[in-house]
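Chain nomenclature is as follows: A, B, C and D, assigned in order of appearance, with residue numbering initiated at 1 for each chain independently.
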Amino acid sequence: MTKKTLLTLTLNGEETDVATPMDATLLETLREDMGVLSVKRGCNQGVCGSCTVILDGEPVRSCLTLSARCKGHDLRTIEGYEADDIMASLKQHLTQSGGIQCGFCTSGVLLSAQTYLAENPHPTRDGVKSALSGNLCRCTGYRTIVDAVCDAAVEVAR
Amino acid sequence: MQIEGEFNVTAPQALVWENIRDPEIMAGCIPGCESIEQIDATSFRSVVAIKVGPISARFNLVVEITEEIAPETIRSRTKGEEGTRASILTSQNVLRLADDGSGGTDVAYAVDVTMTGRLGKYGLGIIRKKADQLAGVFVENFRKRVVP
Amino acid sequence: MTDQTPFVGGAVGKSFAKLDNAEKAEGKALYIADLYRPGMLHGAILPSPLPHARIKGYKLDAALAAPGVVAIVTGDDVGDGRMGAFIKDEHAIAKGKVLYVGEPVAAVAAKTEAQARAACRLIEVDYEELPAILSPEDGLADGAPILHENLATYFKVFDAGSQGNLAARTVLEEGDVASAWDDCDIIVEGEFTTQAQAHVAMEPCGALAEVDAAGRVTLWSANQSVFRVQANVSESLSLPMSKLRCLTPRVGGGFGNKMEPHIQPITVALALKAKRPVKLILSREEDFEMVRARHPYKIRMKTGAKKDGTLVARECEVLLDCGAFADDSPGVLGYSLLMCGGPYRIPNLKAHGKLVYTNKLRFGAYRGFGNPQVTFAGEQQIDEVAERACLNPIEMRRRNMLHAGDGWFVGPEVASSGLAECLDIVEKRSAQARADGTKRNLGFAITAHISGLLGTGAIVRMLEDGSISLNTGATDIGQGSDTVLAQICAEKMNVPLDMVSVASPDTDGSPYNWGTTASRVTYTTGRAVQAAAGKVLDQVLRHAAEMLACDEDELELRDGARVGKIGSNTDLPYSAISARAHWAVGGPIVGSETLVFEQETHDPKRAVALGLPFPRIGIFSFAALAVDVDVDDVTGETEVVEAWSAADVGRAINPRLVEVQLEGSFVQGMGYALYEEMVWDGPKLANPSLMDYKIPTSRDVPDALHAMIVEDPEPTGPYGAKGAGEIGLNAVPAAIANAVHAATGFRHRHLPLSSERVLNGILSQEDVA
Amino acid sequence: MTEIYTPKSIQEAISFLAAHPDARPLAGGATLIAMRNAGLIEASHFVSLSEIGELQGIAKTGEGIRIGAMTRHRETAECDLLTGSLAVVRQAAGMIANRPVRNMGTMGGAVSNADPAADYLPALACVDAVVTLAGPDGQRDVPVRTFVQDWYETALDEGEIVIAITLPAPRNELSLYRKVARVTGDYATASCAIAMDGDTIRVAIGACGPGPIRDTEAEETLRGHLANPEAVTAFAGQLAALADPIDDVRGSAEYRLALIPRLIHAGLRQMKLAEVA
């Protein structure tokens, strides 16, 4: 079996020890060694965005990030936003707006949107589209997703 | 992927033919060629290393001459793989010599390369340019070696 | 978490949030790649490096000895079984021959995916290379090498006229086209080509197979039909269907890529040999190179009309690249020819074409199924005729369009058509000026699509507490069929939506359903759901009549899942009725319905039809599309500024889900029209990655994308509903081409309308001016 | 299995690379890890540069602005030091891929990879930026214009890494980066970095050859003739003559050549308009 090394990662606020191959990507470590399945492998080349995670508050590609470089950094996946009101509003609006179809891109979309709204409580529609241009979706045609993020921003800002 | 070109060598056709048929000389001219050895009358084994930006690959090639009409035409087929068969390269090659009427020789080459596996994924536009560049280096080396 | 629109009786017509949305928003939805079984191995595939070669032998010992390797499967392990939707021409894995670069030649099961992939590279295959066919023309040339030498012996679902490299031919004719040209004042003619498009569902294909002690196989896979998976795996591995159970995880989009088999047969073969569960998930590159894509078309079309623009005749001849295996191609050929006249009255129409095997990836089902290709040609010629007849594009279409009661080409009856209303809406809305007052460049196109096709079923059970369990075997690939079918059931049963649970498709427990494809599930499976629920109601009313000692026609359904006596306030909850049935009288209440679409396509009195792949195809939806573009005359880049897509879907069971189908398919069609192209360098795909094959991002989509629903109820449809899944894509390339013509004056007959082609169009106009 | 080594100083990184010929420097990882995932490269070690302080940040220096090699595209895209003649670098940074990749990718990584269709090199060439390299034999500066020597080949010697890119102080003049690409975030089919320079312009063309194409003599001959379209067309012709574009899925060589004059004229018009407004 491939040689694994011990790594301490802070995932969703919890320090976790995980045994994972030294040169594993964060996507492989999360899915295969930590059982976090909300992060998806759509292309493994950093283009589709279904593997997006939040590293130190910024959306990054977990398929292009080495786990070994995440020691001591703050790592968040969708599971880490249970108590976050921006995320709650985003989930609610995305569910209602028709912004979720097959769902394979949804976790990545929500993480990118949450980070963007946290920084831009009053976003422009163009700003939202730029924030999401790294999350490919083939089912919705994007309008319903952008609407949901804009509506959530209005609701949270109230 | 087709790669074609021609060049002139200020040396008589017979001499050019002789050099082309000599593996040792060819090994010295082909950029990145680390070794060449004759397997039988019509085939050679050669190791050629090429580097395309961050990617470097060492190919174990077998070149088999399929048709030879001295001193003007050589058809050959190359088959090779790289490392643990990460990339597989096959090519049909044609080389034609012609007397340029003033004591020199026009050499025309046409190579049809198919590359699969990891190197095949790389942008073909770049590999074509790389191939042209390598051909240029070959011509320079060959001229230095052949022209007295 | 989901706030259901408050139930006020009637689940149909309401935009409920999809039942699966909450789970997906939480990141808890499990797709094929997320499933694990005890002792599970990981699979990987060795692709063919050559386009056409005989397989002389395999050297497997190095790979078998590689770390973690448990089993290797090659052509020698899969028997002689052949699968194929129309022509049974395909083994589970390459056997005897390889027919395209990337075709699976061998597969390895190992402890980790990395080990399996490394071991694949150690497999040596002894090939005897054969000359490759890389275009349909080469395939038909005499003396061309034959891909499928024993094509004649293959089982064919219909009279395809297959021989040599000709996989199928179809000839359809109505009226007398040859002599009709003489009555035409206006004749336009053109040659069109369209490119191969990749589905790029966000989820790459994958499967997980497991064999139990009795040798029975359980197979999960990314699919659009568990029954097509069952049929294809059984046929290719000569495995009795009773020995194979097919199940469905969440599916990450399909668009046609997952309707027919991908690597399910190989995964089952690996599991059988390894005697352990095996999961095989394709990489994005493999999904591009190994599975299937939209058919590139060569189209020669000629349209004739009177001076006043009245259409007289059209001839359409197509040549299709089939790729290495027939797959759904004969269907695409036949369907595109059936639709090539468009939703118009054309008295003389001839449509004929050929489908030719080549040493390339199989081309197969893709949203629109050939209709977008022929519409790209047809709707531009309608504009060309309009120009010559001094009609505006809307007037030309209004004058010639088909109406309810007309017959479609070759014979099927058009019972409902809201096309006129669609066209009016699109005309009115696109006539409004742009917000910034700049000039619009408008392109129009209209289209029709079928829904119907083949068999389906539904089982509705009333549980002890009166709630309802619905089981239809229709795979929800994200479009929301679970929710729509539950709404139809809830409507019929007069219960709130959340009283209906939907079973996941399972060949062991679900009734047969041909598949989630051809815009058919709402219409075809919806009819079965409505009928099955009706049978449950009959039993409920019979019980209630006995319990309330009255006649059934004195009863009425009341809100809150109750049956009451008309004019009195005594009533019974379904739970009481169900309890009686379960414990005392009659037995548990179950209603089931199966049906197959029976209306004949071909009316021999109207038309000649040779090689028609769909004898009973379906009923018709209609749509009109207007697109406003800006073309950057420095670079040729085309930007879609605004678009109006109006579709007659009979009845929108869930309006928002219909809108999302229209918007999602518009954007997928826009990518197809402007820049999505699979490019081959000789036999090899040159851009099998998302780095080099680009699809629209959120920034490449106009904000002003208006999806509008028109409802002209279909008499045979559940609550009048008919299909909506593909119609939003068919007209997009044509409408964009017409809009680019409005902007630049150049008529583009070759897809995609890349910035290079559009700039060349602009420059050639400058030379002319 | 690739080992990961995380030095804290440039010197440590360089001596490790010298001692391990099959090791590779790892900057943001956006490109290198993508290639490794695709099986295109292998390495005995990745030398992670992410914890070397000297490579971080953008700062004013005596003669200009120093951008540390590990500066993320996002920082460059939001840096308000990059104004006037340097705005072109900021715009180029903002057009790379998408936000998550801009959070990872670095200027040093992008410059070292020297992808012919990437966004930075034309912008940096247009502003006469200088790349600072560090290796076993110490540090040296190489102008960006001559940094790329062939397809994917740069002035970097074995064991050398890029440690900074230095831009001259911004001039209070307009500059513009224009990229032709199929969709947002795609590599460029062709690109044009253009900066006003008094009565001439500095232009670098991207994605039309191994590296950015610039001709300072032609820029001088154009001086004073900006208003004369033929002079601008002749100038563009000089650049096109130096171009060596490929045919690929993004466009043909002819198309790329045709775009060069059109992008220059359009860039001039846009900056003239901006100047007048």
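Here is the rule we go by: contacts are C-beta pairs under 8 Å (C-beta built on N, C-alpha and C of every residue); 3 or more make two chains touch, one makes a residue touch a chain.
Quantities reported herein were computed from a predicted structural model and do not represent experimental measurements.
**Student:** Go through A-C and B-C and name the pair with more C-beta contacts between its chains.
**Tutor:** Spelling it out, more C-beta pairs touch across A-C than across the other pair.
**Student:** Most remote chain relative to subunit D, going by C-alpha centroids?
**Tutor:** Ranked by distance of C-alpha centres from subunit D, the top chain is C.
**Student:** Nearest whole angstrom, what separates the Cα centre of subunit A from the Cα centre of subunit D?
**Tutor:** Result: the chain centres lie 29 Å from each other.
**Student:** Indicate the whole-number Å distance between the mean C-alpha point of subunit B and the mean C-alpha point of subunit C.
**Tutor:** 48
**Student:** Between subunit C and subunit D, what is the separation of their C-alpha centroids in Å?
**Tutor:** That gives a centre separation of 44 Å.
**Student:** Going by the touch rule set out above, which residues of subunit C reach two or more other chains?
**Tutor:** Residues 285, 686, 689, 691-692, 695-697, 699.
**Student:** Can you list the subunit B residues in contact with two or more other chains?
**Tutor:** 86, 121, 123-124
**Student:** Got the subunit D residues that touch at least 2 other chains?
**Tutor:** Expected reply: 34, 38, 98, 184-185, 248.
**Student:** Go through the chains and record each pair that touches.
**Tutor:** Chain pairs that touch: A-C, A-D, B-C, B-D, C-D.
**Student:** Provide the residue numbers of subunit C that touch subunit B in the complex, in ascending order.
**Tutor:** Listed in rising order, the residues are 47, 49, 101, 118, 121-122, 124, 285, 681-684, 686, 688-689, 692.
**Student:** Which residues of subunit A touch subunit C in the complex?
**Tutor:** Against subunit C, the touching part of subunit A is residues 1-2, 37-38, 40-45, 47-48, 50, 77-79, 91-92, 94-98, 100-107, 110, 125, 128-130, 132-146.
**Student:** Okay, in this complex, where on subunit D does subunit C touch?
**Tutor:** The contact residues of subunit D facing subunit C are 34, 38, 98, 180, 182-187, 189, 248-252, 255, 258-259, 262-263, 265-266.
**Student:** Which subunit D residues qualify as touching subunit B in the complex?
**Tutor:** Touching subunit B: residues 24, 32, 35, 38-41, 113-114, 116, 150-153, 210, 244, 246-248 of subunit D.
**Student:** Which subunit C residues qualify as touching subunit D in the complex?
**Tutor:** Where subunit C meets subunit D, its residues are 285, 634-635, 637, 674-675, 677, 679, 686-687, 689, 691-697, 699-700, 754-756, 759-760, 763.
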